[in-house]
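For reference, chains read A, B, C and D in written order, and residue numbers begin at 1 within each chain.
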Amino acid sequence: MGDFITEADGLETQEFILNLGPQHPSTHGVYRARLIMDGEIVVSAENKIGYLHRGIEKIAEGITYAQFTPYTTRFDYVSGAMQPWAWCLALEKLGNTVVPERAEYLRVIVGELQRIASHLVMLGSMVLDFSAITPWTYVFNAREEILDLLEAVSGSRLLVNYFVNGGVNADIPEGWAAKTEAALDGMLKRLDDFERMVSGNEIFLGRTKGIAPVSAAEAIEYGITGASLRASGVDFDMRRDSPYSVYDRFSFAVPVIKGGDSFDRYQLRVLEIRESVKIVRQALKTLPDGEVRAKVAKVWRPAPGEAYAATEAARGIMGYQVVSDGSTKPYRVHMRSPSFCNIGIIPAKAPGLTLQDFISFIASLDFVLGDIDR
Amino acid sequence: MYGLGLLKGLGVSMKRFWMPKITEKYPEVQPKLPERSKGSFQYNKDSCTSCELCSMACPNGVIKVEWHKDESGKKRLDRYRMNLGHCLFCGLCVEACPTTPKSIDFKRDFALGCWRKEDIYRVWTKEWPAAESAPDPAAPASPSAPAQGGN
Amino acid sequence: MVGFLTTIFNWVQGFLGLPATSLADALPWWDILWAFVYFVGAIILLIINVIMLIWIERRAAGFFQERVGPNRVGPFGLLQTINDTIKLLGKEWIMPAAADKLVYLIAPLLIVTVSVTMYGLLPYGPGITPVTLNVGILFFLAISSVNTLSVLMAGWGSNNKYSLLGGMRTVAQIISYEIPMALSIIGIVMITGSLDLGTIASAQSHVWNVFVQPVAFVIFVISALAELTKSPFDMTEAEQEFVAGYHTEYSGIRFTLFFMGEYANLFSMSALGVVLFFGGANGPFLPPWVWFIGKTYVFILFMLWIRWTFLRIRVDKMMKFNWKILIPISLANLLLTGVGIKIWQAATGAIRW
Amino acid sequence: MRDIAILAAAVPGAEIKDGILLVRADRIVAALEALKKLGDFILFDISAVDRPAKAAPTAAAPGVAATSVAEVAAPEPCFELSYRLLDMKEKAKDFLTVRVILDHEAPSVPSVIGVWKSADVLEREVWDLMGVEFIGREKLGRILLRDDFVGHPLRKDFVMPKRERFLSPAWDRKAAEGGL
């Protein structure tokens, strides 16, 4: 940063290598940044990933389509419920399955709840990287309320295996809609407290405002998607612009902020949570009756071919390419995971940041290592 | 600005200081789990027909069903093994089970931690009248091994 | 040595409410033995104090965060810290192979020594000041900056980049923030006309200095937080950047000593704040030392409140805040205090124009 | 999405097949540059599919008969490399797939890192897992797999190395005996 000591008159400093990670409190997993540092200033950064690589794409070629569905929740384990969405969309394209309307609505509801939970994790872990433990507990308590809902509907809290090829696993239990409304209220109260504590906090503003601003052109150049793209001023959200499922039936705003710095990426998540609450409320109000799962053969053999589907997941565009050879197992599964592409900007933006700013930057990018390494 | 945000934050934390706490007194007060909560498994060996649909549905090869044929050619269950260490708790086996009541089903026992590695196995055996000799358990009783995920 | 032990002997006697030097006069050869017993007692007092502080901190943190904090071991979880200490004592001592061994080993000892020394300077009440120095404040500030040395030694000796960066930050931070702290204290010294902590405390029997010197109080709190490396100035440890800062490579009893020193410093710094701004041991009804300890604990709670609300500030902003804001303000405060004293003296007729 | 015919006209040497722009490997940089000039495209995915001469038979699952895979096998062994672009211009935004068919023996294609920087990590991933060589760029090193890994695991002819077990021998023996 400009204010920091960048030139010591006549004094020479020695650069050194700092391996930030893979075991580090604020890399949110086994991410390693190989930093070349000049004192506290990052001279250059390099992403080192793959510590969590499980070869999921290869696993997919060995098991059936239905068996792979629970695996899809395991990449981005912070937003597990909405991860199979793109996979299911691709399968439905491949098999020309028509998903019942009620199932679509339930997908939207559960998906948006999961988006809220995921963004809450991002907010909490971001301020935790600035050592604010108290606000972190507020948002994580808020997330608990959402997770309780997910558990009631699917049985799992974190790796929610609810979406299946052709609909959803089961209908919502009785009284769940009312519980959801109450939980959203409770969640919003905690979020308000969190915002009062953090958003106007001068120290927080000092740590995030103007840190690693990503311009719209840069965001497009580096293929950033999701909230980080919208924080850079690009008005694009797949839910509105390329609507899948039944998103075109709800009215919601797509928040866009022009700045693109760490604070804007933080602020955008807060705004998106409030929009997601709106979507969930609308969907609950207009929830149609009917089946929740289309008939799909137990031994499902799609016609040979290829399908590509993408959704706006919590961290950006989650895309699946599924190639079928007519057998019960996929011939090739390729996934485009948002975190993997979003971290491409780190080496470009890191030089010149202090170590603390670097932490602020990677925290605001909101990546999940399971999503990067797959 | 000029510290107002900081004071607001102090106000919030002081407010929360006096508000009721949410900590659960866990071992004394057990959590109320919803009906569908996926914990451990319960197995009903009387309704099980050894059809192995659960074993085939499993993405990870968790379930192994061992059976033999009696004189009339009927499948007789010997042993039902689950390696919970590989289990994804996805529920595909429960979904696949064709019997009523479900032979394999979730129960809401979530305390799955154990001290010994052996304890992550869930094994249910069924004894048959002595006239029928149970086959050697080391020999592959089931016709095929379930697919291992990815390799 | 005998003189030091005798003062401790007097100090503990003051706590017990015995008339000064009664036992020592009656049985002079008991001096050394009793002083030793009392010395051990004083150390135990320090340890109990630290244990209480850790418990208070964890409970308070829990309450701020909608939790209840440690509540299982002992009544209200009071024995939790003892439990943790025993666990820490049982841990393996790990030393990096490339560590600078002497420096690495001395660092944790030094930090505790400094804390114990600081305890001896505090006026717990009339007659129970272990060591009465007429340059008490000066000595207090001098000895508290030895902490810097210990942290730097730990950071350097560990031969770890995180530790080194943490230690380097500490040097910059603590040394810088000693300046506004000293400047804020000088105002009080000017008013009281003494450097002796006991005199300063007793001089506030009518009005506390916090009302006379509010600006100095704010500066003192900020710089005390920085000196103690508590949030928002917890650069030294900075888990999210440096894993654990200077004590990343320490384990077992060595880590415990760092931890103890940190909390002992928290107490002594808060006690200094109480002496300077809240009238020390002055108070009605209750014995003076109860007032002193009580006030100190309230002060500590106030610091914890700040600690558990705020985030960590950026290093360069912290330094800028110190040099560009705090020091000018404290200098201005000093000037204002000087002018005020002169006006007061003129008004009360102490001096002539 | 903009009409694919218009897009194809703007791209030199492109042909349309099933809604996909097919481009020859040596012209992919020019094609993507032309698309970028049209504006409002994001390159957000690169994926490769291995189509060997005889589609590798997948191991049959228990109880499920293996199906013929002959019909999906390409007429010639090849690698399909798909560049997925996001069209943000029109109201209904959608994906555009630009596909390159690569030689199966030595798949190589010019790198498009100069057109979109987002191609950097994506190309590294494709090389790492599929072994498609990208020419004209630096550091095509392992990204997801470890540095000393041999082979490209997503190729159909890849033979999985024997799985390493991290359990104790006693435990293995016990498991083998079925005592667990």
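Here is the rule we go by: a residue touches a chain if its C-beta (ideal position, glycine included) is under 8 Å from a C-beta of that chain, and two chains touch if they have at least 3 such contacts.
Keep in mind it's a predicted model, so treat the numbers as computed, not measured.
Asks: Measuring between mean CA coordinates, which chain is farthest from chain B?
Replies: Following the centroid criterion, the farthest chain would be C.
Asks: Kindly work out which chain lies most centrally, taking the average of its C-alpha atoms as its position.
Replies: Of all chains shown, the one whose C-alpha centroid lies nearest the global centroid is A.
Asks: Using mean C-alpha positions as chain centres, tell me how far chain A is from chain D in Å, no decimals.
Replies: Taking the mean C-alpha position of each chain, the two centres sit 23 Å apart.
Asks: Please tell me the distance, in whole Å, between the geometric centres of chain B and chain D computed from their C-alpha atoms.
Replies: Taking the average C-alpha coordinate of chain B and of chain D, the gap between them is 36 Å.
Asks: If you average the CA atoms of chain A and of chain B, how far apart do the two points sit, in angstrom?
Replies: The computed centroid separation for chain A versus chain B comes out at 28 Å.
Asks: Calculate how many whole Å lie between the centre of chain B and the centre of chain C, each centre taken as the average of the chain's C-alpha atoms.
Replies: The mean C-alpha positions of chain B and chain C differ by 54 Å.
Asks: Which positions in chain B touch two or more other chains at once?
Replies: 6, 9, 12-13, 16, 22, 147, 151
Asks: Identify all positions of chain D at which a residue touches two or more other chains, and write them in rising order.
Replies: Residues 59, 61, 64, 160 of chain D touch two or more partner chains.
Asks: At least two partner chains per residue is the criterion; list those residues in chain A.
Replies: Residues 55, 58, 61-63, 134, 138, 141, 197-198, 201, 203-204 of chain A each touch two or more of the other chains.
Asks: Name, in rising order, each residue of chain D that touches chain A in their complex.
Replies: Going by the criterion above, the answer is residues 42-45, 47-50, 55, 58-59, 61, 64, 66-69, 71-73, 82, 84, 86, 88, 91-95, 97, 116-122, 125, 129, 142-146, 153-154, 160.
Asks: Which residues of chain B touch chain C in the complex?
Replies: So the residues of chain B touching chain C come out as 6, 9-10, 12-14, 16-17, 19, 21-23.
Asks: Note which residues of chain A are touching chain C in the complex, please.
Replies: Within the complex, chain A touches chain C at residues 1, 3-4, 16, 18, 24-26, 40, 127-134, 137-138, 141, 197-198, 201, 203-204, 206-207, 354-357, 359.
Asks: What residues on chain A touch chain B, complex-wise?
Replies: 55-56, 58-63, 66-71, 74, 134, 138, 141, 148, 151-156, 159, 161, 169-170, 173, 193, 196-205, 298
Asks: Hey, which residues of chain C end up touching chain B in the complex?
Replies: 60, 62-68, 305-306, 308-310
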